[in-house]
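Read through the structures below before going on.
Shared chain: subunit A. Partners: subunit B in the first complex, subunit C in the second.
And now, the complex of A and B:
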């Protein structure tokens, strides 16, 4: 049976979406449970293990097999910058930071979980192509977090801490490796394949760990504070995707993500994947980067900020699934 | 009684209606008034959707009544030679050929009668035309050219490949050209080619034994008539041993269960060849009619095969492909 029609294919695609989304939710829930059980005592160890071992492997493994295209990175960088800047304006206008909050509440509604959540989801839903774009998205969010985000909280940018992030170095190494030809000698090639295999397996291990790491602090947030997180979470999980749809629409209008199919369908698939990734990234719940920054700065996260994170996670279970269905219909089949 | 139905007026009305009917039917240019043109269709492996596209296009012509006579070599090079030896080319206004081998054989037979080729991957490299714009001979047609880099980008979206099998007819020049193209990109994509040459259907079982023993990551099928004709056996064996396959010919996915194909739609190719044929029948020399390529490539994915091989397909690939279940 051959089918290309929207109705006949929806069941398969819905299954594929659920196959990527449900395990993600389950592993985050396991992370939350673990966090509650051991009182987040091992969060720092887990984070270090991810930051210094597994995530670099994932990043290198994905990037070094993907031909680097500056245009692809620029498309994502400009979109993320526009979305984050507009979210900042909206957060500053719509939400009042409590005294002592020092911008924390804003961070939770401005910044999405581009690392812990987006990378596993992008890989599960859009494969290695999605993961590469997710990595670029995460890079841009990190840069904005350490500049704009740090400015909102501390009144100054923190580029030094940005360059201390281990994530950047396997990314640069991966781009360099992708630009070099593979070794000509058979023995070298064999060794390169074996090493690559090991890195790939370690990289795949990062996916569940990232999700557990995301879930870890959730178990400690007080449910009684949920109401305080409603405005920030609404801005994050509703405003985020709306902004992303607007950016994608603009990109199409100016021809940066053209809808012209052309001869090579893969170029078309690539453009649609970029759109899907931008929308998915923008619709994700809050990042707990803020909590991590807090640990370093010795500042306590406000109840509103923690609540924003929790509400956006709970609401995200519905909103992200809805956004994925919309992506399938509007971006891929539209 | 209304005046229209008075005696004499009914007869006049009847004459008027009949006249209108005759004029209307004359305007449709009946087959008898269209110029008769004869086309010999030379096929190596039987009818494909591209011949349907060709016939539908030439039969829709308002100027010509095209009578096609089909000669099918049934995948035998000997029979192809016999067909062309017996073919009286002076009886035909045009020869349509499918594939590189049939086209080269027809070119050897006649330099006068126009030849319209179809489904030829590399017409320039195979020596069929000098350039896409001007063939510099009695040939024009439509090519199913697919950039090998695109084909591999498709493959790496779903698989990580270290050793890639390339199964091909070593007598077919088109397959050798595609083999050379793949060799050029193997460094870039970091894989190694494992050659699986075959000569005839009898040599396929041995070739498949070697393929299975080599524990390949995937097998690539070029646009090759011999391989296509035996695709059923080859693909089912590969699927049985959980070896993914990528093809250029969509039928390998839609009918024989190969995993994925990136190629031209054959019906559309037939239409393009038909348009060229009509231009030639209309009086243009074949070298004045540029060879055509499809406007876009299509992705075909066999979901059943993907499930059997345990391959998770990305959502975007599934949504933008023709999915066979």
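And now, the complex of A and C:
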């Protein structure tokens, strides 16, 4: 038993956290190695495979098995919006080079890696329920990214590109499949079940690919620029979880994520999983979509911006572990 | 009405998941008209990372059997050896000079297609055997295959195959048990988890890559060229394999009989199925890549691979169908023989355990298996292991009813218990191959003799009626009520205050216990010779001879309806004792499981909110006062 006085966590729990987290770090490291070895820069191939085949399979496979609850989606959407908006305000204050508006290129300190990192981690740490919530989290981040993020970079929202993301359509299909009555014929059900098996197998394939895709560009960032990334990364991996804890506390206070155990223990655990997911999502390193959007907006990612990504990844190894330990104590034991 | 019969569905079922994934690859290829996707990158990732991880993940979890490897690897070697002269004969007949033509005929695509089917149909055991076959196929392809297309044997290629090292590592990990510090073991477990995580991507990427390749090479104009080669691969291959399996059987290398060890028997049948399945595979994409590398008629190889893969859509399911008929790898736990008609089974009995069904893969496979068995004409009756242990008489009655229904259906007039079924006690369950086994008997495992007899809750029986309901509230009944309270508590204590009120009030024919009734009893309880224990879960009355701290008893309901108590009437201490009893058997359980098991032990088949709340209260007492602690969502037995 490790007892620090502030929180206590058993060796078994610490081991469970490590067993969920360290394999993901290893796979990200393999991704970085692949990126370093691949002189021809074929990350686009990997990204295409993920975006058009594997991630849609993962999303559909997870969502269609889960009864859709609008309240659950709203809880996550409001929390993500609040966290991203507050992070933006903090970033605007911290990064004083530009006052905001078009041409601002510090998205990496605001947006977390909600796709490449959160989805595999949510599945490995919180199972299918966690994955579904992770998908909702990713959806909200993507929407904010193409509205608020695009506005900051280009001066206008980019909803058109948001609706071009393949991710949205299996999500809608999954929700429809979960909400509509299943076909009456046993044979049709059987065929659907077998087809879904294939989709599920392909969906599981997305987990390592997402992690590798996240690690791929990391090997190219110059280590000499690390210092420049410190403020942005600190905002991301320290400010993010602090904001998330505040949001979760607020949710508890207003009864949106009630601590009342009630008769249905599963509903109680589900609320705690939502809290854990919000905190975990907020504590993740920067998204490299941010750098890509800036590049797409005609802005070269500054050294500071790339360094923010790298520092947040390196610092994330400690901060995410710490956050997971705190989640264990505050959310699940509390 | 079902439009498609289960028999017709039997064949595509096995391949539908793989086909679904391949379809995504084909669609991706069709959408990517400019071929921007770099297949080499995908191939490299699969080759260097994902496949080695899949190989390691599959092998390190099971013990390595050299004999098994010899059988499977030997089969691959023999099949390749037999196919070689046939391929050369057809090459000469076609007037082709280059040896590259032979490669897609001689070698099999044992990776992309075979591995996922083996996993889906035969589980991890099937996958491990398929990997053994794959390794031998690859070994020969990179030595003899390279020699054929380049004119020289390139063993360097073979020793550069990452999967080879993964195989060696997997076999080493499976067969060694080094005494190392706990920290090293934990580090190894984390490495294995990372390997499992990477392995998730291997099979879908292999299939998507194949689908993507097919989208470019499957043009109708190429079909006519090399139909013979593709046909030889997917039709002659499995035919030879069937012959080889029969030879193995004749030589006694793969015994046919059920044998004493059902797992070993099932292993032999899986080995046979894997040999035939792999032999039915089309030519490998790798053969095409070698032909490209050495410029040895790559167009013909591409055409043969594409055509073989398309033909495989028909021939592989057909081969699986024949495998099912010939080998019948599916099994039932118990088979009930129809004694009226020799060699015919009336009913299959499946014994399921909760742990087994919690595994998603096992559950899915089971579903597929059952539908196949039903498709083959079996009637299946399921027995849950927990139900069997808890109420064997009821389960036996259900089995007998199922047998009688089966007899009626087959127009057999005698009752099951009289003529059809022989019951043998305390024997291990038998494995019956659905189409191979000889006559069998119903084997019914009984609970072990040392199973403790649990005390049954004995309710206080209502004696003579003491008066009318109005008399109950009359002061003249005080003495009678007091003595009845003491009698009920002596009989049932510890007992809830409300239950005592019910028992006592029945003597005055008070139909419904109201707050007035309880108040009346409460007033007299203080004067009776009983101990009153108040807590958050309610008020419970204890006999003076009972010590609340050393109380270790818990009581289960008996046949009598009166012995069933509402959850609110269960003393927390008694629940704690029951939970401790459960924990003594399991050592550690997640809280939800402990709640469910304790509720079952106390006679509740469903864990509703009231039962859940009461049992959790009892578990709280257990954790506070007795030998258990809660840790990470589990309750752990400490003694």
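Observations
Assume the second predicted complex is superposed on the first by the 308 of 334 C-alpha atoms of A that agree within 3 Å, B and C clash if a C-alpha of one lies under 4 Å from a C-alpha of the other, contacts with A are read in each partner's own complex, and residues count from 1 in each chain.
One rule holds in what follows: a contact is a pair of C-beta atoms (placed from the backbone, for glycine too) under 8 Å apart; a residue touches a chain by one contact, two chains touch by 3 or more.
Keep in mind that what you see is a predicted model, and the values were worked out from it rather than measured.
After alignment on the shared subunit A, the placement of subunit B and subunit C results in a clash. Judged by the touch definition given at the top, the superposed model places A:26 against subunit C, while subunit B stays out of reach. Of the two partner chains, neither subunit B nor subunit C is touched by A:87. With both structures placed on the common chain, the touch criterion links A:18 to subunit C but leaves subunit B unconnected. Shared-chain residue A:308: touches no atom of subunit B or subunit C.
Comparing subunit B with subunit C, more residues of subunit A are touched by C. When both complexes are overlaid on chain A, the residue A:332 reaches subunit B and subunit C alike. Contacts of A:263 after superposition: both subunit B and subunit C are touched. Looking at the shared chain after the overlay, A:207 reaches subunit C, while subunit B stays out of its contact range.
In the superposition on chain A, A:182 makes contact with subunit B only, not with subunit C. Of the two partner chains placed around the shared chain by superposition, subunit B is the only one that A:126 touches, whereas subunit C remains out of contact.
Of the residues of subunit A, those at positions 12-13, 16, 19, 193, 263-265, 332 touch subunit B in one of the two structures and subunit C in the other. Across the complex, subunit B meets subunit A through its residues 147, 150, 153-154, 156-158, 160, 162, 187-188, 190, 192, 254, 262, 293-299, 303, 312-320, 322-325.
On subunit C, the positions that touch subunit A within their shared complex are 2-4, 6, 9, 13, 16-21, 24-25, 28, 31-32, 36-38, 40-42, 45, 49-50, 116, 120, 186, 189-191, 193-194, 196-198, 200-205, 208, 364, 367, 371, 592, 609, 612-613, 631-633. Residues 10, 12-13, 15-16, 18-19, 22-24, 26-27, 30, 34, 38, 40, 42, 44-46, 48-49, 52-54, 57, 120, 124, 185-187, 190-191, 193-195, 197-199, 201-202, 204-209, 211-212, 263-265, 332 of subunit A touch subunit C in their complex.
Across the complex, subunit B is touched by residues 1-4, 9, 12-13, 16-17, 19-20, 65, 67, 125-130, 181-182, 184, 189, 192-193, 200, 261-266, 268-269, 272-273, 276, 328, 332-333 of subunit A.
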